[in-house]
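Below is one structure, written out as structure tokens; the observations come after it.
The chains carry the letters A, B, C and D, assigned in the order they are written, with residues numbered from 1 in each.
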Amino acid sequence: MVVDQDLVRHLSESSVSVELQTEEMTLNIGPQHPSTHGVLRLVARVDGERAFDVQPVIGYMHRGYEKLSEVRTYPQITTLINRIDWVAGYANEIPFVVAAEKLLGLEVPERAQYIRLILTEMARISSHLIFMASYPLELGAATPLFFALRERERVLDLLEGVTGGRFHPNFNRIGGVKPAYGSGSSTRKVIQDLPAGFLAATREAMDRVLEAVEELELLVADNEIILARTKGIGVLPADVAAAYGVSGPNLRASGVAFDLRKVEDYLPYHLFDFEIPTGENGDCWDRWHVRLLEIRQSVRIVQQAIDGIPSGPLQAKVPKIIKVPQGETYVRAENPKGEMGYYLVSNGNQGPYRLKIRSASFSNISILPWILEGVLVPDIIAILGSLDFVLGDVDR
Amino acid sequence: MAKGLWVTIYTMVRTIFRPGKYLATVNYPLVKETPVPRARGVIALDQEACTVCMLCARNCPDWCIYIEGHKEEKPPDKPGGRVKVRNTLDRFDIDYALCMYCGICVEVCPFDALFWSPEYEYSEVKMGAMLHDMDRLQDWLETVPPDPELEK
Amino acid sequence: MTSSPSETANGETEAAEADADAAVEAATPEPHPLQEFADHVAATVGGEGAVVFDTVKVEVDSGDWVSALTTARDEMGLIFFSWLSATDWSSEVQVGDPYPEAVEDRIEVLATVGDISEGRRVTFSTTLGKDSPSISSLVGVYAGANWHEREAHEMFGIDFEGHPNLAHLYLPDAFVGNPLRKSFPLLTREVKPWPGTVDVEAMPGGGDEEESADGPSEENPEA
Amino acid sequence: MSAFLSDLFANFWVSLAGKLLLVALMIPLVGMVIGYAEMKLSAKMQARVGPYFAGGRWGWAQLIADGVKFFQKEDLIPEEADRPVFKIAPVLVLISTVALLVVIPFGPGIIFRDLSVGVFYALAISSLSTVGILMAGWSSGNKYSLMGGLRAAGQLIAYELPLVLAVIGSVMLAGTMSMSGIVEAQIEAGYPYLIIQFVGFGIFMVAALAELSRIPFDMPIAESELVMGYLTEYSGFRFLFFFLAEFANMFTLSAIAVTLFLGGYWLPGIPEDVLAYAGPVIVLAKTFLLVFAMIWFRWTFPRFREDQLQSLAWKWLIPLALANIIITGAFKVYL
């Protein structure tokens, strides 16, 4: 009998492996991916569904605003900076003009302060509504998107009615808010105060926002699948968050009641009654819930501000060509995404010598390598979405 | 879960039966929303009012306004009067592909030659066509709305 | 080529400047409520504290950089890392306006840290030489310094010793140069002529006021 | 004339061709109706208009326009793809849908083929579509597709079991595996099996959603995670096949549920001679009711995570289905 020696050897050497040999795979999430909110790229090394190393790659949207600011005048820069975090464009302008006003030593008229505050809070509401819209979408629920966007549309319409821009209001001027249309004009000078009916329309819109927030709560907070997908996922302890510079609602979700609106004086927030909502565990659910509660607080602030808005001038007396005196200052503000600040170095000219833009999302997503270690691929998306970043705010 | 299902079915029923009240969107090319009067849609130019002072071009953060002009002598109104020198506009282009819609040019114009119009439907297939010349900008002037009333 | 905001050559803006100056003088308060805190921080970490326009700024020696911030974190409770960046102080400026008075050529590294309870914040600053600036990395103290230091590295060419991965953050790997240095030209403004150079004539109606509003004097010598 | 017609249809080949034509026409038709319903209903649930332009009124021609668009598109096949498998996969998915339609009774005697093992056949064929999905994911040469395909495979294994176990109750009660036999048994009993098999019905619908990979079980597609999962690399008419198959599959699986649990073409109070004509209408009405529920769920719920889906299947649905079988058995014995 002829025995195939090769076959025998092959059979004797082969063994059944009990340990499953798996191969690691590099998954390139982004820069074009439906849920990276723009051009964020994550290089994830995954073993099956579990990622053991995720490295973000940013810079696809770097526009060099810090350099561009050095060749522009102060009024021109507000045009640029409301494109940093474009879902809350208005809020970006505030710390910058406040920084310039600080160097100039200007007192901003009360009415202008109130208008700034109302519009900032409306920008916060619209930004948080975008989060309310996009976050369930990342978990697969499409309908909350439209409920949130519908209300955001209402808020943006009001913003547009005042400023003329939905996303890029460019409404703040050093010393106040945009004073007049054709300001140099000797023939036709139109003051840009709030348009008639704005206060009543805002009051109504705020009520509608509250209704929509209730609906969103029913749709999202009442859903067991959402809870299963977010509770205990992506837990961020407060001390780690602080060390990475994670700020805003993401920090408050970790249980820290810290809000720059309470401790800084860039806008007269001390006149109004509002609370700082905080989370308990710092997980994805808390980050969602804190933002939901913040919408309610912002609505409260807007309602109070509308009731108490004083009349008066819209702008302090400023020279026509603004030259900011020498000096340097750092002004930070509580933006919808977190701490937004400008370190302004002026050399006494029409434009800044150096402008450092501290944007919230940049620090907020620097936590990603830490927080995404060892999570499942669906959780990458859940955590990513819960951090609520905007790529313009990351790359500047 | 049940509450979420209730929200969607409730919205569906009320949207079907009272679309006028509850519909959040419009059939865009068929129905159009009116933009607010202050909306920064497109910049209109009043050629008559422009004195070619270059202020807008110089204040533009993007350098997207191109102006050329020349001096023109006007005969005196009365015989024996002074000969008037007037600046005449030869070229006034705004490159909307570059424009950031900040409105600084409109604000700095001392002669009320520039206005914002809320008109928005002027997209083009080719980028070069986004450069509007002075005649096109003049045409936008008709769409400029009166200023809104102010809140007291 | 200087190409945008710069001082105006003619003297018509003097009145406006005087206005601004007066406003500044009137509003700068002398003893600042934060001065005490600034002195306290400076004494604890070993440096010089000042309050500039409501910002507590503490200057430390570049050799004490890490130890100063460690002290700030551990003893002052400043656990929140806000940002780290730098300023290129230079008398020769490629783009934008130079400093009016001569400045010592140096790179100033800035880092702002704060607490997350009372809202106190301190901007630490240290000075480095212009040629191959180098400083110890803060990553061991504040984990968040990682990206900020990478940004400062590519933008200013500062070498952070001990940084785990000092690669480019925004720019392509092959990019040469440090864009935020004052010696780095801004290409977009180099390749296109300024449309404001064309000048027809001084305006008949507006007088000289409008002229003073225009931009760089170099490009518009008539103005 | 009618004698000629009946003679003609008595011919095996002619009747086969006629039935094939009918089935082949029904799939795109049903797919389009459901696709349109999904677009329009989801729009209303979100306070939107939905399609309104194509066709003039209510956008009724939207899906026809979409279909034409898909056929015009370039048929892209990635270089790294396993070409034959990549090409076959969408066809396989569509075929499984067509084949399912064959055993659904639309009225007394109105059935393409009354198999004695109809239920068995339906369940076997319905899992074929998942094989097609696995093939699509595997052959695309794309990591996202691969993950989507593997998720689909995991889902197939996890949900085929509850699906099979859920229908056993009805089969036991009817004592037959023929689809029309089960309907007749329900008519005879005088009540739809839903009344005693509500657990089975619930499990069947959940498993059917998973089988269809629709929200909340759309992990194989999961556009926010895996871009489009196994569909990522498909374009043109191959994508259209998947698209149609999804909607048609919604219909067929709902029709099976109607047959097994909701009494098929039977409605209480309607005499039998009317049923012969009204049967298809009743089946369609009941089926579209279930399809509507599927659409409703899709536009309300988010999606599960893969491991949550697995634990739902193995820890909840399978034990529940087994318990249901035991209880049904006891019920059958003591009745």
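Simple rule for what comes next: a residue touches a chain if its C-beta (ideal position, glycine included) is under 8 Å from a C-beta of that chain, and two chains touch if they have at least 3 such contacts.
Note that the structure is a prediction, hence the values are computed from the model and not measured.
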item: Relative to subunit A, chain with the most remote C-alpha centre; value: D
item: Contact-richer chain pair (by C-beta pairs counted) among B-D and B-C; value: B-C
item: Distance from the mean Cα position of subunit D to that of subunit B, given in whole angstrom; value: 53
item: Chain centre separation in whole Å, for subunit C relative to subunit B (CA means); value: 36
item: Rounded Å distance between subunit A and subunit B, as computed from the means of their C-alpha atoms; value: 29
item: Approximate Å spacing (C-alpha centroids) for the pair subunit C, subunit D; value: 64
item: Contacts with two or more other chains, residues of subunit D listed in rising order; value: 45-48, 299-301
item: Touching two or more other chains - residues of subunit B; value: 1, 4, 7-8, 11, 24, 55, 59, 108, 110-111
item: Residues of subunit C whose C-beta touches two or more other chains; value: 210, 213, 215
item: Touching chain combinations (by label order); value: A-B, A-C, A-D, B-C, B-D
item: Subunit B - residues contacting subunit C, complex; value: 51-55, 57-60, 63-71, 85-87, 108, 110-111
item: Subunit D residues within the subunit A interface of the complex; value: 42, 45-48, 143-144, 147, 215-216, 218-219, 222-227, 299-308
item: Of all residues in subunit D, those that touch subunit B in their complex; value: 41, 44-49, 52-53, 296-297, 299-301
item: Subunit B contact footprint on subunit C (complex, rising order); value: 192, 194-196, 198-201, 203-206, 210, 213-215, 220
item: In the complex with subunit A, residue positions of subunit C that touch it; value: 3-8, 13, 15-17, 19-21, 23-28, 52-55, 57, 79-83, 85, 87-88, 95-100, 110, 112, 116-119, 121, 123, 142-144, 146-147, 155, 168-171, 179-180, 184, 186, 189, 209-210, 212-213, 215
